[in-house]
Amino acid sequence: MTSVSSCSSNTSCTCGGLSLSDVSVHYGNFAAIREVSLTIPDCQITALVGPSGCGKSSLLHAMNRLTDLIPGCRVEGSVRDGVGRELTDPSLDVMSLRRRIGMVFQKPNPFPHSIRRNFEIPLREHGVSRSDLPDLMEKSLRDVGLWEEVSSRLDESAMKLSGGQQQRLCIARALALDPEVILFDEPCSALDPLASAVVEEHIAALRGRVTVVIVTHNLAQARRLADHVGVFWMRAGAGTIVEEGPAEVVFASPSDADARYYLSGVRG
Amino acid sequence: MKSPVSRRNHRRFSDLACGIVGAVAASLTLVVLGCIVWDLLRLGLPHLSWLFLTGEVADGGRSGGIGPVLVSTVMIVVIALAVAIPPGVGCALWLSEFVRPGTVPARAITGGVDLLASVPSIVFGLFGMAFFAQVLGLGFSILSGGLTLACMILPLLVRTTLTALQSLPVDLRPSAAALGLTQTTTIRKILLPAALPGILVGVTIGVARSLSETAALIFTSGYATRWPDSPGDSGRALSVHIYDLAMNIPNGAAAASASALVLLLMILVINSFASFLAERWLRRYHS
Amino acid sequence: MLALLSGSVVLLIVWFLVAGALPALRDGYLPRLLFDEHWQPGSARDPQFALMPMLAASVLVTALAALLAAPLGIAGAVFHRFYLPKRLAVWNQRMLELLAGVPSIVFGFWGLTVLVPLINRLHPPGQSLLAAGIVLALMILPTIALTSQSALRSVPESQLLAAAGLGMGRFATVFHIALPSARSGIGSGVLLAIARAVGETMAVVMVCGNIAKFPGSVFDPVRPVTATIALEMGYASSSHKALLYLAGLILVLVTGALTGWLAFGKRNAGEVS
Amino acid sequence: MMKSAPLLIGLSVLSLFSGCSREKREIIILTGSSTVAPVVTDAAKRFEATHPGVRIEVQTGGSSRGIADALSGLATFGMISRDLKADESELTAHRFAIDGVGIILHQTNPVTDFSRQQLIDIYTGKVTNWKELGGPDAKITVASKAEGRATLEVFLGYTGLDSADIKAGVIVGENQQAIKTVVADPNAIAYVSIGAAASEAAGGTPIKLVRCDGIEPTNENVAAGKFPIMRPLQLVSHGEIPATARDFLDFLTAPENADLIESHLYVSLSK
């Protein structure tokens, strides 16, 4: 496999960011987002915020080609990874792309198998040998603080875990594949505040190890987590980014009027 | 760990192999169906005409048409559905909404339904003859045949409806209850409409099975080929007619094939209509 | 109440079979069914009533049909769900529904005129366990394929997304996620098909050869219980008739026990994960 | 239950109503042999056309069923395609047609003639290869009829065998199945209704009827009583026959209706 190493510190990070230019996503005749350009910096946490229906999730799905699965969905523009490879290239091996760019969904979606099988199935699919499985699983579960809670019942169904545990399991499962980027699609919105806080804490802990892109409705969460922020808004019937930049700049003094209203809580 | 390239090739290969095996399996089924239908077309198509569809049966079925047989068939199927759908859906509702699975009554009824599903159709025929025709005194009649078929398709309806109800999102019930809806309202206004496409699939399969059933009808709805006046008359079903032409009438193959084509056409029309309904229903409620 | 009505139909049928079989039971035919060597109820000189070869035939024919049809049906359903474009999938489904409605007599006729001569060329007489198995497999294939399709359709989208998000290929998604998730639906479809296969009469009677002996190979003719009922019921004298009722009763009980056992095993397996 | 109650009531009302409307007519019920049923159905249709107010119900189910229903009074007539047995002497038989039973082989089989002894040898498994009969070196596939079938009983009567003696390779039910079996297997032998076989052969089916004891299996020879294997088609009644039923019986055997019987390829008794 490609030697994607986790970074030990921000300075020596090699996980690689993403750069998007003029990305549009169409569903049939409907344009969900139009001409979005965005730089997602290496090993930082980028938050995408904005009202519902602005195409934040669509953009996320375009980054690891989950848009391929939707009939009639068309992605235009360019998405490049840290070393400049074009990710929208149809000849690209989508499966290994998705391994490098993992995803965690809004609703926890562990497979209805045992906790162990939840790691075994994707890892075996990507050619990890059976003997490496237990270590990888333990490491990933420790990364999300789940190891102590589940180590004694690895062979029980993952569906028996609580919602927060399930979501952390999904993060661990994505981490186990050793990705460069993890995309989070509103990872806390289906969880209670306590579980949400735990999950958020573990996302924060990923800073410096992998590049994180998180879509969230929770502005407070975005403020707490983000190094970099993109604000979405509707323009001419389609979603687009109206404000982008380092978190402290965007939150402190947004230049776009709509973004200013939204971030100050007046609109949205 | 294998190199990503070999990994990728391996995956491509297994994906492709899986697809090819599936394609072969799916097309094999269709090829065999094609063979059967082609045989029917070759033998039966020259025999088909408007007169064949509307005319009376003559010369044991070798000449004339199948008009009265079609009318009897439709009556039998309609009776079977009318009688089987209410208890079938009711039973499934009871099993999915009113009893806890695993309790004794639930197990008894599920077991009974499964047992009923495994009763050979010829036993249904014997039962129908003894019970509906003789004990209830309905005689050889379209009614006897319809009731016998109703017993036969009942387990099928229960099973498909149950599956449809069970595959509805679990939170539908509490969310309805939270709105203060009674269970009856929840069932009538929420669960049944949502499960309707699934129920419709069951009904479609039930119709197809009723139309193609021979063994259960020979002994119950009978052999008469005249125009039926009422459900109390004896009337030959299309499948029985096909059986008689194929097995008892020398040189009956052409008429048998033509009748079988008509039967397939009926099933095609009913299936298309059902899926059209289901699709419209889905569009109305689910998007 | 309605459920009770459905349940009572079963009781009614079983009661009716028992009533029909009662004379045979009273006259002590049960051990003869088990231990006689031949089935020759009409013989004046030496009437014999061996049921075991016929029960074995019912089981063998059904097993063969299920072995042929289940992999084909499930593979076809996977293809339908994960590979076929939607437009074509609709037609595939329509065709399967049509196949499900072909009357058994048409299958039997086709089997006798097309399939049996082919098998005859391989190994005479052609009417055989194999022919019956193939014809039955064709008849239950649509049931298995259609129920598998709907079971695969009800696999939650979120799990397929999860698999895609983890970079899993179609093969892995199908085998590790979709099929395990749809297992119980597919299982009950196969059970339904097996029940149908055991009870099938008109098609089997035309292609199985109807010899009531234990078959030595798949090319030997066999006679399932339902074939015997169909062949002889209309012509049977009273005590012979009671025997046929008894055979029907035993078949229903055996099938019920078999499907019950399979379903029970399935439920237990389902509780593990 | 609430939903289905009106439905059930509706159905029963419907059936009562239909019962009423039927009572105005006179009904003749015939049940039994599937061989006899098609020809009687056609005759019934013609009879109904000239006798308004009479309704004739024909149902199949086999000769034994015809006997049972005639005895129990369920049917006015039972239809049977064999002779009455000794223990059925309470019934009166009304013979209206004869059906010869002939031996059929595949068209490609060179054998053209059987003696009674040869048939016995084949059906008891003493002769198992066509070579022994002057045919090709191939195993004989012996097709026999299922227990209780009238054709089997006629064949047993001719050969003097017991059903336990028969060593069949394949057992079939209806005539058409026997014919298809011979078509499917060039080395098969079967016995079927002569009329059915002759008409199938004339229609291009690759089978042939062969001579028995040197007699050609034709309906003429059956009518003349020369052909050795044959069976009567008859109606049986129990006790007094109602006048209309008697009319139908006469109608069935009337010379002007012989064409019906002949169109079903049986030998009419009226000639």
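As written, the chains take the letters A, B, C and D, and residue 1 is the first residue of each chain.
Following the convention adopted for this analysis, contacts are C-beta pairs under 8 Å (C-beta built on N, C-alpha and C of every residue); 3 or more make two chains touch, one makes a residue touch a chain.
In this text, all values refer to a predicted model and were calculated from it rather than measured experimentally.
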Chains in simultaneous contact with subunit A and subunit C: B
Pair joined by the larger number of C-beta contacts - A-B, C-D: C-D
Remotest chain, subunit D as reference, centres from CA atoms: A
Inter-centroid spacing, subunit B versus subunit A (mean Cα positions, whole Å): 48
Centre distance in Å when subunit B and subunit D are each reduced to the mean of their C-alpha atoms: 33
Mean-CA-position distance for subunit D and subunit A (Å): 79
Junction residues of subunit C - those touching two or more other chains: 1-2, 5, 109, 113, 169, 172, 230, 233
Numbers and ranges of subunit B residues touching at least 2 other chains: 11, 86-87, 90, 246-247
Two or more partner chains touched - positions in subunit D: 1, 4, 34, 60-61, 173, 177
Interchain pairs in contact, sorted by label: A-B, A-C, B-C, B-D, C-D
Subunit D contact footprint on subunit C (complex, rising order): 1-2, 5, 38, 40-48, 109, 112-113, 116-117, 120, 124-127, 205-206, 209-211, 221, 223, 230-238, 240
For the subunit D and subunit C complex, residues of the former touching the latter: 1, 4, 34, 60-65, 68, 139, 141, 146-150, 152, 162-164, 168-173, 177, 180-181, 183-185, 187-188
In the complex, subunit A residues that touch subunit B: 1-2, 93, 95-96, 125-129, 132
Residues on subunit A engaged by subunit C in the complex (per definition of touch): 64, 66, 69, 71, 94-99, 102-105, 107, 109-114, 117, 121-122, 124-126, 157, 170, 173-174, 177
Contact set on subunit B toward subunit A in their complex: 1-4, 7-8, 10-11
